[in-house]
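Structures follow.
Same chain, two partners: chain A is paired with chain B first, then with chain C.
Coming up: the complex of A and B.
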């Protein structure tokens, strides 16, 4: 590579330094501090330096916390699976379109990214609630006399909320990878006599894998750290790990234990990234839909 | 062949349902914001603008709007600036580039709730009291930076170095090249990045929640009202917030069309 002779390596370092310094100060060091505090001890007089694994033992051995972790992973995986199932057919259809309709539909896929996450979670309250759209419609139709109570404040409502806000993180990367497939490949499969379904299984699906993996990681990553959705729609039975962590800091003032719970959540995410590493590098997930 | 057609039709019908599911709830919210009823929800009792009047006369919302604009503009400018410098540095292969890249991705990879918690602990031990232009702004720059970098990096990377070399051959000094050649070419991409970074900051919630003081940003103010009660003016307030976010992003999108730089698929809630 021909580099201009004036661009010396130290200039590059000088340019990189502010961002590196910033991220070191406000991400790397705080995460290091979290890790440290997670081995400390919290009591009525505050959190004091120590080195013990008690917080981790408690987090992983006490059924309340362990079950909460398992449940949260389950909810995140379910959200990812549902998002995949509902996204793929739509992405497949849009990628096969041409012209104005296609660009319009793609813009409509982007638009919700630019609206408040809190708002898009909140809107389920007047839809699923007692006086909400669904209950009032059912009453109006004469199908029920009393509003259904099970629509809100449980795990199902949390899934609805999570899928609603995160699905597009699946749809977009899948669409992007499907859109890149050379149409000649479909024709080739056709010409060679492959039935459409077989062509789909053998050509389309494997080639869209980068998008699927990339979207899955995004959706899993975001749903596992949820706080807003379970807090607003979940009620006691729809609680997730994020809410347990938050209460250690906002209510119980147990920073050491809350720290351990936070570290466990980070580890779960890192394990997820490690598992998917053989298909896609972490960098590629975030640079254009696994392209 | 017929099978293919049928499958395509079915997919098309499904896609219509998909978009209805995506936008329907938003439209219901819009409808409810005009509902002349003291109960948030149905039945629909006629059209009114009074909830918008209530929302606009809410001091909490107005102050929050001012706060969010202030923090959003500063965070977007600072984040874009830091990201631009890093992207320029990455045009050369420097040592530990992979490591630095991972450092940039770290704020995105850390689960949202934990991202708020680490800063709560960090500022707590430093003794920095929560404040709008201190802790919240610092947290927002930290959050915006990776996305600003991810949008700018491909654009800066694709920059035609022949332009720069030509300028240098003509005797321009490095800083001159930067000011006269590189920055003008990147200007649309930079503007788009600033706009997207602004919406990112404007909509940020969970990281803000744990470092916020008395001066709330818009999502925090909205949240405080939502958890209090399902007040009838909330849909109107939600619509106002939504319109502002979309307006800022569409502006960014206009710049993007000129630059193909910013890819909003990098948005994370």
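Coming up: the complex of A and C.
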């Protein structure tokens, strides 16, 4: 019975082919190239394949890069936490609705995301700026005499921008998790005498955990690699690791060192996910809970 | 400025415009017959109104690709197959020269130019003759457009007569705390800070001098409202009143003046930062003859005068200034070579890695 086995094998390969092609084209080749280049040497005449560890030695020895990485992780974690605090109540409220209002609120949730990321970030300038909406409104109301300078061009403004542009990626998975919870479970908790807070704590929150975890991972990963938001809103001190990496490519043509900094970021994120995988259940998210 | 002096120059500008318009018409009529080639250069070097006239003059239509930066242009050219991606390129001379020329003869990624096809190159101003790239007697790159970086400021807020205003020092002056913007660029900011601190040749300064400049910038960062990285970002910083002085480019001044703002640029006594952008032909160019004609047409006096009017960017043709009044020449900085204005070429430092590290340390602090 060799033929059916061979046929099954071919079918399996054919079915797997799109996934293999996707992973090869969008993960293995780019990351492999990045990894390879990070061990090369960039100079005035371009990047040459002279294998060396110099880029990694420099990236780890110079305090600047370590400090920027720590600062970036802190900003990404803070963004994730704020996004969660905003997203969860919103998702909980919307998931509890029915009919047209629910549909309308979901559409409204998406509305700002139909435009470009840069435009959404840029919009904060006329809102938070010295002559912006908030300052003008406060002056008009007589609450302040002089514009508030601290609203823009600092780390706080970066957090506002990051939370704004990434929060949907938290809200959506939480909303989908909450929406899938069988209402009978809430009724059962109620029938068994659990007060609403306890029912939420023991039933709703645990069942929405997959949404929280996947949303948190997405927001964290996107925040940690941010470049545009700190560039536009961060001012003189809003630099993040992504800006340091970008400067190596854009200002210095140093692909090798930029590659090494990028690989370090990937490794730090992977190690972070591995360390926390049991606690936050990343295995459940990435492997669908079956492994 | 007397009327006698302005009248002929106005006439010559009008004459140049008329010639351009006529050429444009001819160009449009003949568009179907002329070849189309692909180029890459900063958008302002080929503004929309000048596309048809350039085609008319060159007998070739230039399809300009979206331009991001010299680093991006270099990356595109040096990528596998990149040499045949563009037929003609204009990019920042000092940034692209070494990588495109390669370490030694034969390693060039670009073609030697046939100078007999670029007769207008004979008129390249002496100020930029040094930027003509020659190896083994062959010319590979010639400067086509030049410009300068200076401080763009609101003259209602800062007195142009104040000596500090006419210096890079204005960007670091404590009196302007919170009202200035720097450019988020290691090369530009370290150069301007070093010049303001009296370092005569910043590009070759020692590592200890570089560290001192880094400390100086870090100490003065408290005065900075923000650091811009894009054209529109910088213009909106000044237009919205967020800052009243910033490191800036020529077209920013033009854009802000068009908005009716009382904005001008300074003429730093410690050294105006001057650069040129060179034209060259990649090795894989599909139409080398047309690429030569485009470079030659962009170096023509007519194109130079029209480009000045459109964007304030001067070309390197030495006859272009004569199309403008002495007052306009001074206003646009076309007379920097003759007025004794101190200039400093915006060269890439050999230790750019260190410069970038110092700059990133300033930003991280």
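Please note the rule applied: the second predicted complex is superposed on the first by the 235 of 291 C-alpha atoms of A that agree within 3 Å, B and C clash if a C-alpha of one lies under 4 Å from a C-alpha of the other, contacts with A are read in each partner's own complex, and residues count from 1 in each chain.
The criterion applied here is as follows: a contact is a pair of C-beta atoms (placed from the backbone, for glycine too) under 8 Å apart; a residue touches a chain by one contact, two chains touch by 3 or more.
Model, not experiment: these values are computed from the prediction.
Asks: If we overlay the two complexes on their shared chain A, which of chain B and chain C does A:116 touch? Say first, second, both or neither.
Replies: So A:116 only meets chain B here.
Asks: Looking at A:53, would you say it contacts chain B, chain C, both, or neither? Reply first, second, both or neither.
Replies: A:53: touches no partner chain.
Asks: Have a look and say if chain B or chain C is in touch with more residues of chain A.
Replies: Between chain B and chain C, the winner on chain A residue contacts is B.
Asks: State whether A:201 touches chain B only (first), chain C only (second), both chains, or neither.
Replies: So A:201 meets neither chain B nor chain C here.
Asks: If you stack the two complexes on chain A, which partner ends up touching A:257: first (chain B), second (chain C), both, or neither?
Replies: In the superposed model, A:257 contacts chain C only, not chain B.
Asks: Can A:13 be said to touch chain B (first), chain C (second), both, or neither?
Replies: First partner only, chain B.
Asks: Once chain A of both complexes is superposed, is A:172 in touch with chain B (first), chain C (second), both, or neither?
Replies: first
Asks: Name the contact category of A:136: first (chain B only), second (chain C only), both, or neither.
Replies: A:136 sits against chain B, while chain C stays out of touch.
Asks: One more residue to check, A:68. First (chain B), second (chain C), both or neither?
Replies: Second partner only.
Asks: Using the superposition on chain A described above, determine whether A:127 touches chain B (first), chain C (second), both, or neither.
Replies: The answer is first: A:127 touches chain B but not chain C.
Asks: Identify the overlap between the chain B-contacting and the chain C-contacting residues of chain A.
Replies: In chain A, positions 125-126, 129-132, 231-232, 249 sit in both the chain B and chain C interfaces.
Asks: For the complex, give me every residue of chain B touching chain A.
Replies: 3-4, 7-8, 11-12, 14-15, 18-19, 21-23, 25-26, 28-29, 32, 39-43, 81-83, 85-86, 88-94, 100-115, 117-122, 124-125, 138-139, 141-142, 145-146, 149-150, 153-154, 161, 164-165, 168, 174, 199, 202-203, 205-206, 209-210, 218-219, 222-223, 226-227, 230, 234-235, 238, 241-242, 245-246, 248-250, 253, 263-269
Asks: Where on chain A is chain C touching in the complex?
Replies: It is residues 44-46, 62, 64, 67-68, 71, 125-126, 129-132, 149, 152-153, 231-232, 234-237, 239, 243-244, 247-254, 257 of chain A that touch chain C.
Asks: Note which residues of chain C are touching chain A in the complex, please.
Replies: 69, 71-72, 74-75, 78, 98-99, 102-103, 107, 178, 182, 184-187, 221, 224-227, 229, 233, 236, 240-242, 348, 350, 352-353, 356-357, 359-361, 363-365
Asks: Within the complex, which stretch of chain A touches chain B?
Replies: Its residues touching chain B are 1, 3-4, 6-7, 9, 11-16, 18-20, 22-24, 26-31, 33-34, 37, 86, 89-90, 92-94, 96, 105, 107-108, 110-120, 122-127, 129-133, 136-137, 140, 164-169, 172-173, 176, 195-196, 218, 221-222, 224-228, 231-232, 242, 245-246, 249, 255, 258-259, 262, 265-266, 269-270, 273, 282-283, 286-289.
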